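Okay, so chain A shows up in both of these, paired with chain B first and chain C after.
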Partner chain A sequence: MKMTATLTAALLATTVWATMAAAQTDLSMWYHGAGNPKEAAVLQTIIDDFNASQSDWLVAVESFPQESYNDSVVAAALAGNLPDIIDVDGPVMPNWAWSGYLQPLQIDETKIENFLPGPKGYWDGKLYSIGLWDAAVALVTRQSILDDLGLRTPTLEQPWTQEEFMGALEAAKATGTYDYPLDLGMAWTGEWYPYAFSPFLQSFGGDLVDRSTYLTAEGALNGDAAMAFGEWWQGLFANDLAPGTSQDPAARETGFQDGKYAFSWNGNWAAKNILETFDDTVFLPAPDFGAGPKIGAASWQFGVSSASKHPDGASAFIEFALQDKYLADFSNAIGLIPPTASAAQMTENYKDGGPMAVFYDLTKAQALVRPVTPGYVVEAKVFEKALADIANGADVADTLDAATDEINADIERNSGYGHSE
Partner chain B sequence: MTSKLTTSNRAGWAFALPGFGLIALFIVIPFFFAFYLSLTNQRLISPNPTEFVGLKNYDNLLSIGVLTIEPERDDSGAIVRDDNGVPEYPRVRGFTRNNPDYPQFDGMREWFRWQSGDTAKVVVASDVVFWKSLWNTVKFVIVVAPVQAGLALCLALLINQRLRGINVYRAIYFMPVVVSIVVVSLLWRFLYSPDNGLLNNMLHGLSFGLFEPHDWLGNPDTALGSIMAMSIWQAVGFHMVIWLAGLQTISPSLYEAASIEGASKWQTFRYVTWPGLRNTAVLVLIVITMQAFALFAQIDVMTNGGPLDSTTTLVFQTVERGYGKQDISGGATISVILFLLVLSISLIQRFLTRER
Partner chain C sequence: MATISADNHGLRLVVRYVVLTLIAVIFIFPLLFMVMSSLKPSDQLLRDTASLRAFLPVGDIGFANYADAFSRAPVALFVFNSVLVTGVTVLLSLFLCSLAAFSFTFLNWKGRDLLLGIVIATLIVPFETIAIPLLLLVSKLPWIGLDGLQFGWLNTYRVQIIPWIADGLTVFLFVQYFKDLPRELIEAARVEGASWWQIYRRIVMPLAGPVLATAAILKFLVMYNQYLWPLIVVQQESYRPVMVGLQYFFQLDTAWGEIMAYLTIITVPVLAFYLIMQRAFISSIASTGVKG
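Right after this comes the complex of A and B.
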């Protein structure tokens, strides 16, 4: 009897001890930013704060280089080894959600009601991912260049029209001091093309795919608006207004600072360096080609993998990370746009009167997310090739027709990607 | 022979097993798997079930036809001509897009065209990019195989001498082979750069400023040629070493006999060296041909298949479709076609170079 009691007590003690040790359940997390110590430091601060703030969860992060991150996630998903928390590029999110890599977040949505629309990853009516920052693109130039060329400074309320924009480029070309008037960043192949250039198409009134159904690109990518866009796009290169697809990557990085270009279509991540070179740098809003000025939105965001056994813990971590101070930390460390106005006020660059505050306003006023569909991954590739071909002199109508057909064939092969009439 | 292989050779089979096993695991099985995938609509990632689609993928890739287009005529029936007297034709998209009179050409695109009298013959294909990449690959092989083999033989003959410091030259010629092809491609991208590339600067200097800088990789007419030149330079050292090995198997006594007979240098090469290199030549040609068909890294790093598909190749398209566009079945289809192509060319080469 006594023996049993001792045994029971021992067993009880062991169980309690074991439960206490396991009180903090491990959560694994993957991140795309390996190789950037500043970014890693901010993320680690959030993780440490979260682990210390409660006793249920223990988050540990593993970082991957951005170039191989998506491949790693796909491979892990096929092998069934996904971690609990993953980060995902905004436009890719619907593809991963549709493929079953992600599960909807369990986050109190009042926490994100002040967020810019870009960082909120909705698919199929559910929130799958949320970003701690956004990114924006602007037409970078210098006040002195605008003054020399006698140009009106465009504003958010009154952006340049197509005529004004082309007039500005022609005026810059006429001076003869620049290699090219406009640097579009053609050297940056990959996601830059759809991210930076599809807003031009949308500003003309076209799109990658018909967003009312997401089932066809017919009419959107090869309609009259898209044809007008294509002719305009081809003209930029045919008339030597912008360097083409063989632009030297080094010229893209420093060409504007070296005075090779009068205008540069560039992202907020490059703004810091340019500001350091020229103190009269100005960031102009996108021109309006008829259907309103547009720029791209959505950057990397956090989500919970479908393999996670503790979606509540994973969501708790993501919710914890949404505090203004962390949003501001990320912005201060790597120059990203904070997703809330209150966080923006806490940063050096985006507070009222800050040197990059204009990007916050640009995002708010002009941003349009890329098509929210699992098919975007393919649409982006097709669009990139079409733009490169048109820039190199391919027939506009034939190229856009071919791109339309390829996108439609892909949608058909995937039985509509879950969209229905 | 058969009985010897199968019965009394256990040790031999045991030694061969790791090799056979690895070849089966990584080459034979994946090939059959690719063949199976090319008959389905398999995606890289998708919640939809994989369906068997028969030969649809092959049909999509290979469909091709010739469309005859009559020139535009005005109201009086006369042919409309532009300022140079060339007849004007209606656009191809009028025939290939939603035109019930030409259902066989629906969704096809123009590949190239020629003139026959006043009518235009337009070759249209459902997958023009595939045909262009096939044609580019064939062009690449036709140029690279003989030029690279010939150049490698010249280098091998040059360094097959007993001179002081000859090893320095052997090392120099072999160096590009041991450098990663990705690094080499990046370096050549700088050499070919349109702005301040070394090649443009050099030609500019040598021609006393007459040469205008040229956009080597950005111009559809020179892009593939530039990649050919770079590829030949990069791998020539490897084949030089194989030639060299062949040269050193030729017995010196044959050369001695030739010189006693009073043979000229050319006669020595033609009647002693070349017959002695027969087997080496077969090997070098087959290896270069196969390597040339697998052209990928240079394209991926230097041009991405552009400009205007002038440098896209079969292997590049396989990766681009299978991985980039998540269309595994489409990529598998191209790789099966490539396999059949390389196989038949190797068999033809074997037949032509057989022992008679």
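Right after this comes the complex of A and C.
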């Protein structure tokens, strides 16, 4: 009798579940995290929870390798094969929105009021994407190095000035202990250059493009502030203060831990390994080169593709994923910065007193999103090449002028990318 | 005098073998580095790159990277996909391109030389220039399968195979080889009443071993190394080939040991295929050189 009751209950539950599943409308989702099992597990948990939480939608994810994800999405957009939900790198979002790959999100924006600014993907006055985390860069060193060199420990309130920063590098160089005083990560190419180095330019008072109109780089990338930045940048390599573009990738990976460098300009994603190596690791704020200390912001975010016939369902999933517990899960799994203070308190690394809590404060205090314009994708590549050329000894003024012309020509070719005077 | 000559001969032989050994070492070192690195933890791997230890099985050696590679990505699926796509494409390509070359070489038809010129001219067109138009085309093409008529070839094996079956280089290789076959054989067969199909099947192809091997190896390498095309036409993991799969290993904290293990695994089919075809390939190259 008991057995029969159990079987009947199981049959009933299966039938109800099957009926519910059959009634749900399929939503396809693409994600950039293939090859990262921890990230995939968190995302799958959110999807499973969402699918079980309601009877209207059934999300299924297809993962792509990050390195080729953007190319896959662009190709799919051309072929008319986009899914309902896609994730997009923050600085690329305006380009995809402008190109018609994305449609505005239909979520309750009061739910993201307390988010850090970086994960909010606004363009043209509309919210197109939202991130479940942010990323930040800091000047990594050891307290013992600061003490040995007799240096003041900079704080968010009082970061190093340019003079103090250069003094620190010269002091480290004078010891003869290090291959180079500073590891900038020149071995990493691609988006690392604009993400990690354009904040230096912005701290000098320059930028990749004039943000008041987004119609020209004139004055922003080749004005006095940008020239001062370029000279300073070139000096780092000319004076053997940092390894240049020929830096060995292996040295970038482990050089700081191996004692080759006194300081390393690196991201919160690398912090865990460094903390495991040195118990006196400190993460210092970016120096202030005159226009305030800056670091980059915005990482991967979720959006709804323009091809989706169910933007309400896709938005419902994204809104569901914004719960603090999921933001904390992602942070605990892959070490990225939760976008809300309440989620940060739920994490091992970013809660008050946590080993990486400083990154949350850094993001809040110093983060500046990369230029919010469809033209950014070209500006980033032009900037990367210009920085590499200057590091290799090219004339600063000529290089920045040429980069400015190239960016301006691209903006003109694309009729201002939707921006107007 | 004879003694001096023998000495010179011996010396020349030693020098020759030293030079050949050096060249062999230069070619084999990258493979050796890959295999040795696949056995080491990432941190040791990076440290060893600064010395000759990079080429030696020293330190903390094991197969953990292989296990980790299989848990990070469906390696076996990627290898299966690549071998399947490559194998089918190579077989179909050898058959169809040799048929085309046979026609260009032995049959007389109007516009033959012009068409051959156009086929050979496609050699100078980089694939990247036609990738997007081809993508737009295959995304709309019809196909009749078990589910009836469907439009769009994306996310299938056929989209990775069919556009690559015929190519100018393979046709060109066959044409060049067929031109050097004795015409008397063909004429004698015709006099005996053989059909063109019989001549192709019973006379020409049995003599085409070297060029078949060359074309097969070249096609195999092109297909096995496919990256851009599958990247844009395949959005489902179940159809991804090995080169797109390689991207799974480039994360924020790149697992170099796993990358080397993955590369070692996916190199095995290439080496095996080359070793099988090696004799015929060298024979083909050598004979081309003599005739050149």
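What to note about this one:
What we mean here is this: the second predicted complex is superposed on the first by the 399 of 421 C-alpha atoms of A that agree within 3 Å, B and C clash if a C-alpha of one lies under 4 Å from a C-alpha of the other, contacts with A are read in each partner's own complex, and residues count from 1 in each chain.
Definition applied: contacts are C-beta pairs under 8 Å (C-beta built on N, C-alpha and C of every residue); 3 or more make two chains touch, one makes a residue touch a chain.
All figures in this text were calculated on a predicted structure; none of them were measured in a lab.
Of the two partner chains placed by the overlay, chain B and chain C both lie in contact with A:78. In the superposition on chain A, A:273 makes contact with chain C only, while chain B stays out of contact range.
When the shared chain is aligned, chain C comes close enough to touch A:63, but chain B does not. Of the two partner chains placed by superposition, only chain B is touched by A:402; chain C is not. In the superposed pair of complexes, A:36 makes contact with chain C only, with no contact to chain B.
Of the two partner chains placed around the shared chain by superposition, chain B is the only one that A:100 touches, whereas chain C remains out of contact.
Touch criterion met: A:246 reaches chain B, while chain C stays clear of it.
By the touch criterion defined above, A:259 lies against neither chain B nor chain C after alignment on the C-alpha atoms of chain A. Within the superposed three-chain model, A:290 lies out of touch with both chain B and chain C [touch as defined at top]. Overlap of the chain B and chain C interfaces on chain A comprises residues 78, 248.
Against chain B, the residues of chain A that register as touching in their complex are 74, 77-78, 95, 98-101, 189, 244-246, 248, 251, 377-378, 381-382, 385, 388-389, 392-394, 397-398, 401-402, 405, 409-410, 413-415.
In the complex of the two chains, the chain C residues touching chain A come out as 42-43, 46-47, 49-50, 71-73, 132, 135-136, 139, 152, 154, 231-233, 235-237, 244-245, 247-254, 256. Taken in their complex, chain B has these residues touching chain A: 41, 43-48, 60, 91-93, 97, 107, 109-110, 128, 193-196, 215, 217-218, 220, 304-309, 320, 324-327. Residues of chain A touching chain C in their complex: 30, 34-37, 62-68, 71-72, 75-76, 78-81, 248, 250, 253-254, 258, 267, 269-270, 273.
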